[in-house]
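Please go over the structures that come below.
Both complexes below contain subunit A, partnered by subunit B and then by subunit C.
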Partner chain A sequence: MFTLQTWIVQALFIFLTTESIGELIVPCAHIHPESSVVQLGSNFTAVCVLKEKCMNDYHVTANEIFWKTGRVTVPYEQYAVINRTASSVTFPNITLINALLTCNIRMFGQINRSVYGIRIISGLPPEKPKNLSCIVNEGKKMMCQWDPGRETHLETNYTLKSEWATEKFDDCKAKRDTPTSCTVDYPPVYFVNIEVWVEAENALGKVASDHINFDPIDKVKLNPPHILSVNSSKELSSILKLTWTDSRFKSFITLKYDIQYRTKDASTWNQVPPEDTSSTRSSFTVQDLKPFTEYVFRIRCMKEDGKGYWSDWSEEASGITYEDRPSKAPSFWYKIEPSHAHGTRSVQLKWKTLPPFEANGKILDYEVTLTKWKSHSQNYTVKDTKLTVNLTNDRYVATLTARNLVGKSDASVLTIPAWDFQATHPVTSLKAFPKDNVLWVEWTAPDESVNRYILEWCVLSDKSPCIPEWQQEDGTVHRTYLRAPSKGPTVRTKKVGKNEAVLEWDHLPIDAQNGFIRNYTIFYRTVIGNEIAVNVDSSHTEYTLSSLTSDTLYMVRMAAYTDEGGKDGPEFTFTTPKFAQGEIEAIVVPVCLAFLLTTLLGVLFCFNKRDLIKKHIWPNVPDPSKSHIAQWSPHTPPRHFNSKDQMYPDGNFTDVSVVEIEANDKKPFPDDLKSLDLFKKEKVNTEGHSSGIGGSSCMSSSRPSISSSDENESAQNTSSTVQYSTVVHSGYRHQVPSVQVFSRSESTQPLLDSEERPEDLQLVDNVDGSDGILPRQRYFKQNCSQHETSPDISHFERSQQVSSVNEEDFVRLKQQQISDHISQPYGSGKMKMFQEVPAVDAFGPGIEGQVERFETVGMEAAVDEGMPKSYLPQTVRRGGYMPQ
Partner chain B sequence: MKVLAAGVVPLLLVLHWKPGAGSPLPINPVNATCNTHHPCPSNLMSQIRSQLAQLNGTANALFILYYTAQGEPFPNNLDKLCGPNVTDFPPFQPNGTEKVRLVELYRIVAYLGTALGNITRDQKTLNPTAHSLHSKLNATADTLRGLLSNVLCRLCSKYHVAHVDVAYGPDTSGKDVFQKKKLGCQLLGKYKQVMAVLAQAF
Partner chain C sequence: MLPVAGEPAAGDSWGMLACLCTVLWQLPAVPALNRTGDPGPGPSIQKTYDLTRYLEHQLRSLAGTYLNYLGPPFNEPDFNPPRLGVETLPKATVNLEVWRSLNDKLRLTQNYEAYSHLLCYLRGLNRQAATAELRRSLAHFCTSLQGLLGSIAGVMAALGYPLPQPLPGTEPTWAPGPAHSDFLQKMDDFWLLKELQTWLWRSAKDFNRLKKKMQPPATAVTLHLEARGF
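Now for the complex of A and B:
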């Protein structure tokens, strides 16, 4: 790149400063040195040597040389004139530079001109790369990285070289964007020492790093193990067995492992002692775990001797230790309720569920035993946490055990005193005070020993009654706090619909639970509505509110309850949308479809009834200007129009005559009409077969076929239409006719032309006859004459003759035959051609069955087949027919 | 089966074998000395043992992968088609001195390396989509190459062995498809067998 720049600069100066009058291009001067990479801090001297020819031409010497870096003139103090032709410039202690140094001359004492230039770039030679290290990620190629040292400010190439004792490997050239690392091309071969070093090279020097020699197996970073399972043991509820698969390397190197675990809710990891996992293995049993607790594990591995790198951690896997019998008896208390029966009392025994770390499993039920003084005991098995029994006024002893899959807890024993029992040593100095966001209760213990204390309290609130709560404390304490959740769960919406919202929340952290969360309560309300409360089981973290009102702002909060009370979480607001998802689409799409369908039906209806519609709003008004004399009956005396002015001298039309020609329904269809149908079909079949079957063949090419068809049709049209009609200037049914009340016919029919421009008649005839029309006349005539002269010609043969007519022609013909009430005759030539076609006789007689159709759909087609020679209109319909 | 007995050619080493046993080998002068780019590591024998263990640990999988990739009749006729009946395979005496064992190991590895090159070449043609097999063949060839380098280093540095006569396996380039597959299978069967012996011997 640098060299390229230098050459470009030099070339530029050569072109700027040389004379090339029939000679080789020769620069006016040269600068030495050509190489211009300068080390930072060094002195740099350049010498410009003028050519004799330049000196003579421009009358300059080295004294007239001055130097520039870029556009800045170098101070003259740095110059030194060596001799008459050479001048030098010196840059002491050169700084960071990348500039153009030019040698300039001042011609004739006032004109400055650059005669040569070089680009000087300053930089530093590469430093010796340091900290070369390599890593072999399992399954990948070796990658080495290094510290390249100081910035060189020059393009510096780093090459990683590697070799065995017996073999050299290809160099690994660091990419420009990652000059501090390189990944070799060859796969790693383990257990063979390889020597690696880096060479750094730029324009100012080349240096190699220290060589490192290692076995790639000692630089390997294995893939992390994959934990297959975490299994519990029924025999030991404190262990979990971890099994995994790890690197294929374990078949030939010894691995060591690092296993960490934690409970699911904990954030810190526990470490399995490294000495327990210092050899290759595929399973490990972790001990001293809590029963019925979910633990999360992760594992990594590396070479046993510690050479290389630890693998990444495996994906975490979890397992639950097996259950153990409940480790503690539940808290147990009672409440005597008033009873109307004499001699008995209703006692509600109540107890608290054990927290998970004491339940050691799922509590299946509780066993309550009630023993009356000196009497038989009574057993109850209860799934709930309370039991109401009717007791006599005697003293009872109640015991409670919690049972899980493994066994029973120790028994909680509770004495229910006789009804007349009086406590002799009550607790005194009971006081409560808030501290650290909890409510503390403190009391003075009695002198006698106490088995345990029971605290009872309730929340005093205007909104809710006093619901007594209780908690049990050991007999040794005299101060405790009321254990209710310290904070409520933070609820949020997971999904909000038009009439429902899915709420979700996280479980409270253990530290904030202050007990066992019994249930959650969701409170939600609108701005103006009443608050609604919903109780949710404590195991859930999601709930769907239903029957919400759309487009409404809701406020929702949650409270978590333990046996000791509850705590509200922060309030959350959300707004239900106005429309459910997809509702708009569900409305719009059917409406659009219905509209589309209606439109389509309308179009279809109009299409089917177009005749009727057209009859009412756009009846068939023949255009006289498009008339053809060919259609006129030769028996009808021609009407002579000298001019339009003559015809309507006052410029107003007085009447409108719509003329239709009724086909001769008496005439049977000729046989050849069938062949017309076939002809049409064959036209369809031969779509795309343009031109072809000989220029003389009827409709032999597509383009001419169109003309032929059109001509034919136009001829047919005109043959059945009265070409001129009286036109009312005021229009039909309030339609305003054009100002040009009688437009010139496009037809070049002889009569009209001769009437309008008699002098052109001959010319037009000649033109038509000589060029475009005559061949078609011949063609059509030939076709039709075949019908005449060879009536026995096979149907197939006739079909062949028209086989090249494309479908488009046919369709157009058919459409016009069927639907076009207002015939638009085509060019005069066509008309003329038709005049010369006697072959319509071939279609002449026998149009029964089609006559009616022709009558209704258009006069042209009817005439096509029905009145080949007689041009006299047979029927007058709709409006006054003006005999002509 | 035509075997190129290269014993007539005094060779020091064949580090860069290429597919095709018929290609000429570099001929080192008889008085060639051991020149290595850098000194051999002190744990060279340990490395050789590890390499042999590595090769032995993967030999069976390579053998299975090979005959599975060939399709029938190979998987169901292993005894007939893939028996380790390789003639002219270099001998090995486990009870020899270390020097003798290393020389014999060198011959075996050189032989296997060339044969494996031929198999790899053939398989890329015969089973172009068996990428796993190609990969394992290449990895095995690389490991053999490394083993050869280590053995050379050891012979040079400790025993000053200047040259070892080596023999190459059969050239399969002119064989038909079935013969190529069969020879490859026999060779890999032999490879599996001999690696078990070598891994025990060092």
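Now for the complex of A and C:
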């Protein structure tokens, strides 16, 4: 009850505390100051002054004032009542705040009411921006950035100002999201000093940075040069010439460059001395490079006096130094194998491939010279690293040089002593011991001077035979370690494509390396092909073999080489797939599309050229009127009939009719009676043509079965008994009526049936008499089976109709119906056609055209079936054809 | 204290040393030797020289664009019409002897006046330019030319010459002459650009000459030799 009362009072209060004068609402009090942005750490005092009227209305004084920040009441200790109307609140050392400070009064001792409020926000004035610096990226506008100093907690605007001595430029206002930088609107003008500073301003103050004065050309960051080429020199294998294009600034300022290079596999860059590239130029020749080594270069530029910024590095470009002759002779040794022939020995000379840094190019071959003591010498050129020769037992001197494109290495000389030579000063105290994970060998040198030592060893193993390894040492050493890798890396495929395979391998374990791996060699071959070797740098663990043949088995093995030699790893085989990924799809899809397109085009073409095709595919039906039978016939048909028959090769129309039979067999007849009448009239007009059509259309066969009767009924009877079609030819007006029944050649049985069942006649009558515009289907349907659906029309009526319309007319009617139903739009054309037909050849295009028109309506199928079955010869055979 | 400090002779030498040190210390403060103080007009002349070359470079591409905009025959390379009806344009070509005999003040004044006029005409050209892109390029060039004017003014101020005051009646104004045919108007534009180009060439020479004049006498021989190159 009490609360309700309170609510009512409060509601009342809302009306009372605000005095409404029109729309203007006058608050009951005011707070000073209205400004609400307070500097952090300062003291803030607000005073709320009540209005006299309110004081009187609500009986309050400044004593009743209390303050709230948000919903929290400010402690009373911070209040000070100044006089009867004003009370103040003081916030000492204000902290970060953004709140609503309200002045409230307590009325009647219990109702609290806010009478005024201000928002107080605390923050800091902007600090003087420091470290103002500008940059002009070539082709862009000047961008300056600065350090804005401490966070102000307030919305602070930064404006970049710039001016010449004579002109001011537009201010550049920093965007909210990037308050520490701004890009000016105007393009830079070089060689004119510009003064730039930045001003920061917020609600608590405004401060400008120091002014900086500079020439924009001294703040330029140029676009990096573009390396055009890295060329080697045939004359000097230690140099590469770098050419590049510069920024367009080079036409009015001097540039300096910074060029760095490294070998392809190295990670650290070498520096070209800056003093060599301290002026504008567009090429530089880097010297002291290793021969036949790929180097990668990059270059950047800046203003020569060092003012401004280095450009970004150019894109890297690489080049290979030219080859040099091998710098060292290969290690050379021999092995004497027992020979069967007396007086000779088989000597296998063997040597080690030079590591790339000594080969200085691609070793093309080795030249071996064997000189018999005091005799002529023999030369051999070998691509392999061994050579087996048959020597006599004499002493020989063998020399070996490695050759690359540029030249030959120094010669390694090896003396092959005579077979009976005995070393007089053998090496003694040979011992081997492991140390630092390698096997050391130590010996005592003989007293005599030694040219060089050869160490031979093999791995003792139960699994593998002793395959001797060797290494060469200088004559001055007496200890060394065995350096060939003890095994080769195991290679495997990472990805196999149609024409490429990505091989990968693991680094050899330290223990197996026996020295620094200088390079790997990948050997790969097909089952029948030659082995191809590829050298790969030791830092790689992956290599892509390209130009492979698809669907081929490849065998790959890999050897790791230290300076002293190499060792093969196990062989690995893989088969390249026949098709690349997606290749099958890429072939199949277009082929399918092409096929589809071709088919469509073919269909379109056929459709367009159907006249022509028709002419070629459909055999022309011989002109019955010109047949012998026709000549026999005493009743030479009148012009129209003649043409009719020719026009409509029986098969076609027969089939037309047959197809249509199924279409709408349930149509009631009576509806069509009127249209029949109409039709009859039309028939009379178009008698000749329509009868022709009817004759052929209704007949599945051109074979006439002549019913001897002149009567309609009998004719109808006959025709109805023929399952497929019947044509009744009867005399027209002055002509002698005759009935011709055409039946399908092989359907003799239905014919017999129908003859046995005269009741079918009715149906035919029905059709004859009342069908009218009714589709011919009905007619045929009735012929076929659906007697019961025939409408209830008296025989008399039918016969009357029949008699009023002679058989020929009937046939014409049929024809007319067909043509009307099938091809209404062609009606007029057809008529015309018929009239023209006699004038032209009976099998002329006009007729075919007409027939086709029917076909286009959808009867081709039937035509196909019907035609061969119902053909003239049969008719002739029967001998009863009367081409009327 | 060193053991020899007590001897009077040694004391004198220490004093002299201290004196020498002081003198050496004060040397940089001597205005004649102080290279870090007021650099004199040298750097600003150099800068102005650089600016003329830069502007000449800039004008080359601008003129190409603008002449294409004017269309044939103005954009044909060998188009060289007689200088007709452009008497108001300041002429850059001058007799070599006359040019050589110009004093610094006159040389600078001529430059300043020429560019004031050319700038004014160029702004008129900008107003009538049809495409925004062209207007932008012209506006930028005008700004640059404004910079050159300021630069020349700076050099003149550094050398203590007063800026030429434009006569009230001869304030150059650009007005599209209604009597002009379109072709003649284009001809004026063509000549403006051509004259501007010539002036930039001339200014480059002017400031190169000034620059060398201001350099220390040690390079006077070089200066002389190069001056003969003109």
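Just so we're on the same page, the second predicted complex is superposed on the first by the 457 of 884 C-alpha atoms of A that agree within 3 Å, B and C clash if a C-alpha of one lies under 4 Å from a C-alpha of the other, contacts with A are read in each partner's own complex, and residues count from 1 in each chain.
We adopt the following convention: a residue touches a chain if its C-beta (ideal position, glycine included) is under 8 Å from a C-beta of that chain, and two chains touch if they have at least 3 such contacts.
This one's a predicted model, so the numbers in the text were calculated from it and none came from an experiment.
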| item | value |
| --- | --- |
| Superposed partners subunit B and subunit C on subunit A - clash or fit | clash |
| First (subunit B), second (subunit C), both or neither touched by A:V192 | both |
| Subunit B versus subunit C, judged by how many residues of subunit A each one touches | B |
| First, second, both or neither for A:S251, with subunit B first and subunit C second | both |
| Subunit B versus subunit C as contact partner of A:N213, first or second or both or neither | first |
| Touched partner set for A:E163, first subunit B, second subunit C, both or neither | first |
| Subunit B versus subunit C as contact partner of A:N56, first or second or both or neither | neither |
| Single subunit C stretch clashing with subunit B - from 2-10, 20-28 or 38-46 | 38-46 |
| Shared subunit A surface residues [contacts with subunit B and with subunit C] | 164-167, 186-187, 189-193, 215, 217, 251-253 |
| Residues on subunit A engaged by subunit C in the complex (per definition of touch) | 164-167, 186-187, 189-193, 215, 217, 251-253 |
| In the complex with subunit A, residue positions of subunit B that touch it | 13, 15-16, 36-41, 43, 47-48, 50-51, 53-54, 57-58, 138-139, 142-143, 145-147, 149-150, 152-153 |
| Parts of subunit A lying in touch with subunit B, wherever the complex brings them together | 163-168, 186-187, 189-193, 195, 211, 213, 215, 217, 251-253 |
| Residues of subunit C defined as touching subunit A within the complex | 47-48, 50-51, 53-54, 57, 140, 143-144, 146-151, 153-154 |
